[in-house]
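Note that subunit A is present in both complexes that follow, paired respectively with subunit B and with subunit C.
Presenting the complex of A and B:
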């Protein structure tokens, strides 16, 4: 049996479903708005994470050093690594510097882990190949240019360790390194070659750490490091972290701004469509009032149609938004993001609010329609 | 006979236009009144005021003992809902609702929807088979009958019809007049605006407006009470029956009533 309540629902439903063209315009507007809203909200949520990874191309954002005058130990570095989540780690690269000589000329030799270097300093430009076998050496671009330490030649490095014992080791130069920084004046070998050459093991001068964390999280982390491991200190590479934070906050701001603009456009779309609908249906509104409907009731009916459009558009747009943000992150960042399902009800709610506000003027107009027009037949 | 409607010295002025001037009118319960007059003479204005769709600039309108001037906006809305049945020249059916739903809309805004009662009302105007059709699937005459069914569904005290046959051909005009006759027989008060003398001839009383004034007011012998008219109506009904078999019973009923 049809009750008044179900008749009201059917009135709203029929009004929309049997007058599809108008519904489609308003629905498309709301759907598009919801798509962009959910898409951008998802991006906003994911942007720091995604961009954090991108930013890591600019190098380490944390440096571990000894807090006193001594050196770091490799085991301290390992202990520190337990202090941050594994999945935030891009790379941890130890560096150890040693003064060496070649045919009486002094050089700085650097022992490191080349696999990690490629993660923490992706911008290092290599000609040739990375040292892998024992006895392989990289030379900085400046050295390669100004001395006869050229790729593919053999060199013997010598020096004295802390105990003043003399050491000597043969290397083959397998590549040249250009960074535009002080690295261009250094010689690079694996840490184990350096340890073997000097006979001193388990030490480093610093470790460069690249983490997908923002400035605030990193500063918090330095505090933890300091209190957890004595003799070890973490320092932010402020040049990197500061610009990351600045870029991120600007981007986020921009995304919110775009979202606002899109919501405003949606609102305008809904308002104009509903305005047209009210104008088109003046006769119908007048008729309902002539039949004895209170103006407020007619207004509420229009609002109900608007709300239905808001909910439907919000739901459709949410699905669109999930797809949209997925496509964007895949094409821009090369990886998919986790869909944030809680954003769906948020989006629907926002769209409902948007349609309520958008329907204000049209509903007012509907309430003001003069029922006398049904007999006047303009 | 008691007066269902009393119009005392009513004037309506739109800006500078005097649409109605000092109208005095007493309509007894159950009367069929035709309102005639040239275009712009104030016929629709008068209907709007009687139908509580508009208020007079001055004067009093008393319907069924109630002074309309004392009513608020929503009070007038309630009178429209409870006491007035409107029949329009342009039908004003809601385009996205079926015939049945259009009738139910009037129930919905009045009190409670009742599908069976609405179907019965449609059967009463010969449209039972067309209940599920949308207005655009109905002829003008059929649409007007839906409009009439909708006007009657809440048992109004007064039926207002502004040019009810203005958009209809002769055949449909006759059908509508049959229905009005039946209503009149059943005791409804009918106030009907028309330009056409042969339509007005169905009423018991004809008033003529000119420049917003009541120019004439006379009794009339309704045409269909004449036997010759009855006979020709019969033969017309037969014609219709051939075209619209489904409406046989309706027409038979109508003829009996007439």
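Presenting the complex of A and C:
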């Protein structure tokens, strides 16, 4: 004997499989809707972070300096690095400035870590190669243009350290650096070369830090730095943080708004598709009623169908949505995004709701009409 | 007869046609809004990125090294020997707004620094235009100056004023060192002369500017005895992201062919704007500030690419929805088509009839959708950027083409199955 429930189940599946094209239409509609929904939700979630990372192209947003008049020590910089999460760090570059001379002309020599510089200041434009070996030197573009310190030549730099001892060291110029800023007038070498030359180690004038954090988080961080390491102070590079906050919030807002518009329109599209599919079946509803089915039962059957299509379309669309957001982040930012799996049940739920809402109105109308009229084709 | 049939059909199945028109309308409004925003997002974001400040630095050819190299040293000795070659005449500056890409110059400000002694301490005082109103020979009027250029400065007290020739803006660090606060009056010495000055405001720039003092340009010129001269100009310009051509041109403009040169000169690359500024200000060298210029390009290209991808993918989805609904609508018509077939209609005329009907409905929906889409684009532009999104003429043919293609392609599978129908079977009710 066929129980009521299994009969109803069978009726649902039968009605779905009987007209495969109709199922396909409804399913495609729901799947497309779910793809857009999940894809955009994931993007919305991830975009501020991705864009924030892009904005690091503008360089450091935090500078570590000594709070007094003296210098900061390299060990303090290392201590400070423990105060922010590793995965938010783009780069930490120490800088140390010394006045040196070459054949009596004064220059500013800068000791730094070139591997980190490439991360914190990606806009530095180098002709030649980065110094790797000891004794290699970069010259700023202005110096290269106006003096005889040209690439591939050898220079001797000399000066006096704090104890007034004279030092001297030979360098080979391996490249020129153009930034359009004050760096164009400096000489760059590795920090260890500068330390070896002057005989003073473990010091730096400042450290540029590039972190994927917003202005508020950075301000909080400066407070933590001040209270936990004495003699060290973190300062926001306001030019970068302020502008980033302004631009980033607008961009995020733009994406949210676009998402909202696209989602609203897509959901209406899905609704109209589902409505058409149901509208088409008025005759079937009439027949069912003529055979004695109660209106509520017909309604429930359609709800069950909507549920099934919603779940199936939602699941398929979730796959599509993950692909959708992946395509965008990989082709735009060159990084895969973290899929937010909890968004999948949300998507399925929304799609089920949409299909049920879409089915309700036309079914209600069809049920209300006298079956005789519907069957006659009016 | 044909028209009558089509109109009758539309009138008869009103509800379903509403739905098709609605979906097409929604798709079109989505396309219009997204395309509109996509075409405009580059300009808008570019405008926003201007808050990062100047991207060009104009320095005199002769002095391109001195100021920056000796910044930490005592510049008094050098300042004694005023060499015209090391400065740019202030009266030439209006020309910056008269180059080919004048409308892309958002802002510029000149600088002239002079060492002064305040409370016995040496410090650099920099003269500039805070907010200068310029009348150009072309009849245009522009406002330009440092206040707009350095929008990130946090000023306590009142902002700088060009008219107040003794009012200063003091950097946070400088104020701390000299013990100054807004409203203070004091006496300063420059080259032996004593002047009375007062602090209008203290600013926090979060950068090296914090150690400086800014004053109206005329004050700095008077103190240094360099009347009518400036030593540096910062320019903020809207630019197009660099490409291969621009890089080659920047390296050596002479290496381009005539055609390439024209293209380069007439595109707002940072290098071509720099070149044009050098043309109009002889004796000056124009350097791109890479921190701003490079990053702008990188971010702009990314955002444009993102919007394009987002637009294409959403358009694909809306196209899918439209074609989906269209095929659902056609399939339902099997009885009617069967009857037409039984009456002897050819396949071609049936197709024509169905498609004509669809296009009529899609056209109505499309026009309404286009208008809604324009509204949506404006809504997005106004709420996000506070500026309207101009209507690009290219959007109309693009959306028309999309609707046409989508309705045709979308109805093809359904049409094929309709044509395969056997009249007798359909009319029998199977």
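Details
The working rule: the second predicted complex is superposed on the first by the 329 of 378 C-alpha atoms of A that agree within 3 Å, B and C clash if a C-alpha of one lies under 4 Å from a C-alpha of the other, contacts with A are read in each partner's own complex, and residues count from 1 in each chain.
In this text, contacts are C-beta pairs under 8 Å (C-beta built on N, C-alpha and C of every residue); 3 or more make two chains touch, one makes a residue touch a chain.
This one's a predicted model, so the numbers in the text were calculated from it and none came from an experiment.
With both structures placed on the common chain, the touch criterion links A:231 to neither subunit B nor subunit C. Once chain A of one complex is fitted onto chain A of the other, the partner contacts of A:289 are limited to subunit B, with no touch recorded for subunit C. Of the two partner chains, neither subunit B nor subunit C is touched by A:202. In the superposed model, C is the one of subunit B and subunit C that contacts more residues of subunit A. Applying the stated contact rule after C-alpha superposition, one finds that A:345 touches neither subunit B nor subunit C. Residue contacts after overlaying the shared chain place A:371 against subunit B, while subunit C stays out of touching range. In the superposition on chain A, A:4 makes contact with subunit B only, not with subunit C. Using the contact criterion defined above for the overlaid structures, shared-chain residue A:223 touches neither subunit B nor subunit C, since it reaches no partner. On subunit A, the surface touched by subunit B in one complex and the surface touched by subunit C in the other have no residue in common. On subunit B, the positions that touch subunit A within their shared complex are 44, 47-48, 51, 53-54, 73-74, 77-78, 80-82, 86, 88-90, 92, 94-97, 101, 104-106, 108-110, 112-113, 115, 134, 150, 162.
Residues of subunit A that touch subunit C in their complex: 21-22, 25, 28-29, 32-33, 35-36, 39, 43, 51, 54-55, 57-59, 99, 106-108, 121-125, 142-143, 145-146, 178-182, 184-185, 235-243, 246-247, 250-251, 253-254, 257-258, 261-262, 265-266, 268-270, 272-273, 275-277, 279-280, 324, 327-328, 331-333. Of all the residues in subunit C, the ones that touch subunit A in their complex are 15-16, 19, 22-23, 26-27, 29-30, 33-34, 37, 41, 45, 48-49, 51-53, 57, 64-65, 68-73, 150-154, 204-207, 287-295, 298-299, 302-303, 305-306, 309-310, 313-314, 317-318, 320-322, 324-325, 327-329, 331-332, 376, 379-380, 383-385, 417. Interface residues of subunit A, counted against subunit B in their complex, comprise 1-4, 7-8, 10-11, 14-15, 18-19, 283-284, 287-295, 297, 370-372, 374-377.
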